[in-house]
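Below you'll find a set of structures to go through.
Consider the two complexes below, in which chain A is the common component and chain B and chain C are the respective partners.
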Partner chain A sequence: MSPALRVRDLSVYFGGLKAVDGVGFSVEPGVVCGLIGPNGAGKTTLLNCLTRITRPTSGSIEAFGRDVLRLPIHAITRIGMMRTFQNLELFGDLTTLDNIAMGCAHRFRTGLLSELLALPSARRAREAAYGEAEAMLVELGLAEHRDRRVSDLSFGTRKNVELARALCSRPKLMLMDEPAAGLNGAESAELGRRIRRFATERGITVLLVEHDMPLVMSACDKIVVVVQGRKIAEGKPEEIRRNPEVIDAYLGEG
Partner chain B sequence: MTLLSLVVSGLALGSIYALIGVSLVIISKATDVVNFGQGEMAMFGAFLTLTLLRQTDMPLWLAVLATLPIGFLLGALVQLIVVRPIENAPALNVLISTLGLFFVFNSAAGIVWGFDPHPFPSLFELAPITVGGVAVTPASLGIIAVALSVMFALYLFFEKTRWGTAMRAASMNRTAARMMGIRVEHVAVAAWGLAGGLSVISAVLIAPLTFLDQQMMVSIILKGFAGAILGGFSSLPGSVIGCLILGVAETLFGAYVSTSMKDSFAFVLIILVLLLRPSGVFVTNRAKKV
Partner chain C sequence: MDKRILDIAAIAAALVAPVFFGPYGHYIMCMATIYAMVSLSLNVLVSEAGLISIGHAGFWAVGAYGSAVLVERVGVPFEVSVVAAAGLAGLVGVVVGLPALRVRGHYLAIATLGFSLVLVHVLYEWDGLTGGRQGMFVQRPSLFGWSLAEDRQAYYLCLAIFGLLVLLVRNFRRSLGGLSINALRQSELAAQCCGIDLAASRLFAFAFSAALTGASGALYGAVLGQLSTDSFTLVVSLSFLTMAVVGGMSSVWGAVLGGLFLAGAPEGLRAFEKWQMLIYGVLLIVFIRVLPKGLASLPERLAPLIGGRR
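For the complex of A and B:
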């Protein structure tokens, strides 16, 4: 069986700057993998390559055996990849429910003409999409914000909306960019349990970019460490915690 | 003429502006392009409709209905052939290209259909009738009714259908929309098509009153701009209200102050709005989030 994600020798150069420099790792299905490193290590750039926002200079990316770099950005959700963003990328003027429903846009597609003519197929697709969105709304405790514009919500709530939207796409591989930023200790612990449940109950493979060490250590099955664009270590949380190079380059500084 | 009948004909004029103004806003929101050629495309579509009427025995109401697909096709083709190849070009290049669209359609219409005005049949009676002591033309009432129905259908489309919601989403955040599997390039075609349909309706509604010629839409697109800017240019309802206000204000100004100054009135208004409230009269200023 092919891994959920395999990154090989990936490099991204911005002019003379090596943002990502020959990074390679793979994540087996159902595994929660942490991606850690100091600020500017190239973690978000790496996620941007995976989701086709940034074009890598060289290297290859496979998800479930598919060559990701050959897919256009709108197609990556169809192979089961979805991500959340560090600074949130929501549809600000849409309601919470509409935002979440956009998550399953690709699964219930309708033609423009069938919608303009209000055909039954368009109505059924809408009902199916919004049915799932409503369920997700309740599951993530967002029911009270259902009809509010997301730009009026607090940062924490908007993070939750983005997560709900991502889950609504029924991802097989979820990329999360600093989901715990701005959360307090208790919220972060709850997030950790939630991520574990994604893996065990929904079988979602997770690539978690995070600075919150207690969260990473408790939620992840394995961890990849990047420093200045290079991978310096990879292994189980306890191995990473004891790795002198990691302690020296990253964990030790705090 | 009494004040009330002036208001009605002002609203009819404003409805024409509103259809064009809304087209401009839809295109600008979906593709970040301000299309100076929109009025000429509308005029060209009206000529196509007139040709359809002359070549077939089609009843007038059916031809007017046919303006929607005609305009959609026209807008969609322009997007695919002209705008798509330059979508990553600097904004100024795109702007100049839409000015090019203006001249291409303007001249093409002249070459194909000549430079003389053509009479265009009207769905509604042009002679005024008296309703409750107020003299109004059925044409004015008809134009207002058609425009309002089209606006209501547009509202339903954007608020109640998934394509409409996806189009709004794509205009707010393209990266996220792509990530959700929305084909942003299809949204662009749909937006230009939709705008094309609305604009041709506007041209077909005004043509019976002004006669159809290749210069017919030149002042109307400028008024559509003015009205949309009055309404903030980014909000569809705001643009409609802005255009209606402009139509009424302009008509009243023409009747009570000066007919010859009527056209300058719209531009004085644009300058005032841009100076005093650049975000439009109805848009409440929201602090931009960083």
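For the complex of A and C:
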């Protein structure tokens, strides 16, 4: 079986700056993989390559055996990849429910003509999408915010909405960019349990970019460490914790 | 819901209004309805898709001349020509939109402006088809054998077509496609990650808006009875934008108020004819600063004042 994600020799140069420099790793299906490193190590750039926002200078990316670099950005979700954003990318003027429904809208869309004429097929598609969104709304405990504009919600709640939207697309591979940023200790621990459940109950493969070390150590099956665009280590959490090079470059003493 | 009652009351008022006015009033009502269609099309483009056009007079011209040429030179029935004019304008919208897709904001505005200027020039020079500087006459349409010689009758045709376009726009707003285009305006990145094809969606919004304006143009030519390229200048495009902003971009009510404004303004401003563009410009700025959601948002803005402070 092909891995959920395989990155080979990936490099991204911005002018003379090597933001990502020959990084390679793979993630097996159902595994939660952490991607850690100091600020400016190239983690977000790497995620942006995976979701076709940034074009890599060289290297290859495969997801479920498909060549990701040959897909346009909007086709990424059709092969089961979905991401969340470090600084949140929500549709501020839309309601919580609308935002979540956007996660699965692409799976139900009929043609534009049928939508203009409000044909039964288009109406059924809308109902089906909103049905799934409603279920996800309840599952993530967002029911009380259903009809509120997301820009009026608190930061923590908005993070939750983004997560609900991502899950609603039924991803096989979820890329999460610092989901714990701005959360307190208890919220972060709850997030960790949730991520574990994605993997065990839904079989979702997770690539988790995160600075919150307790979360990474408890939630991840394996960890990839990048420093200044280069991969310096890869392994199980306990191996990473003891790796002198990682301690030196990133974790520090403690 | 009281909102529904308000809608029904408005429809009833629109239906009985001709009783209270003479022929000139009927003509103004026709124009108001025709302008309201353009306002509706700009609502879709600006408010839903977040794109801007200062060349909508160009699409209006495509619809007007398209319909007139089909009726006068080819002999197509008027009702068919309206649909064809909308389709043609939509197609031109795609052609204009394709290169324009790579640019946004001011650049897109300039691209649409360029299109409308070139188009008007071509229509002016194309004597054989459009009558060039003399313009062309358009006969009053008859609909399924019914003559629409009087403006009162033409008004009901305009109203019916406006109703159809409103239905299309409402369907669009309520569909997953409408939701997607709305989402795209708010976060391109997230929307694309949610599987939305940015180029196709933008192109559709552009073409849809152009088609609505094209249908309006077809009726404009038929009601006016003659066409000249003077009706499709930059000034007209700008007055369209002013109308859409003054009425309000986010509802059908806004489109109707915008239409009434643009049809009524020349009458009210007759004494200030030279100053018309200046007045439009000032209105545009005042509305964007003071009442950005247009006249349609007045009730919700005034409600707290009338109802007293909580």
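General observations
As a working rule, the second predicted complex is superposed on the first by the 252 of 254 C-alpha atoms of A that agree within 3 Å, B and C clash if a C-alpha of one lies under 4 Å from a C-alpha of the other, contacts with A are read in each partner's own complex, and residues count from 1 in each chain.
We take it that a contact is a pair of C-beta atoms (placed from the backbone, for glycine too) under 8 Å apart; a residue touches a chain by one contact, two chains touch by 3 or more.
This is a predicted model, so every value here is computed, not measured.
Upon superposition of the two complexes on chain A, a steric clash is found between chain B and chain C. Contacts of A:90 after superposition on the shared chain: both chain B and chain C are touched. In the superposition on chain A, A:106 contacts both chain B and chain C. Contacts of A:78 after superposition on the shared chain: both chain B and chain C are touched.
Of the two partner chains, chain C is the only one touched by A:117; chain B is not. Once the two complexes are laid over each other on the shared chain, residue contacts for A:211 go to neither chain B nor chain C.
Judged by the touch definition given at the top, the superposed model places A:241 against neither chain B nor chain C. The residues of chain A shared by its contacts with chain B and with chain C are 51, 53, 73-78, 82-83, 85, 89-94, 98, 101-103, 105-106, 108, 112, 115-116, 122, 125-126, 129, 165, 169.
Residues 157, 161-166, 168-169, 172-173, 175-184, 186, 190, 289 of chain B are the ones touching chain A in the complex. By the touch rule above, chain A contacts chain B in their complex via residues 51, 53, 73-78, 82-83, 85, 89-94, 98-99, 101-103, 105-106, 108, 110, 112, 115-116, 122, 125-126, 129, 151, 165, 169.
Residues 168, 171-172, 174-180, 182-183, 186-187, 189-198, 204, 208 of chain C are the ones that touch chain A when the two sit in their complex. By the touch criterion stated above, chain A contacts chain C in their complex at residues 51, 53, 72-78, 82-83, 85, 89-94, 98, 101-103, 105-109, 112, 115-118, 122, 125-126, 129, 165, 169.
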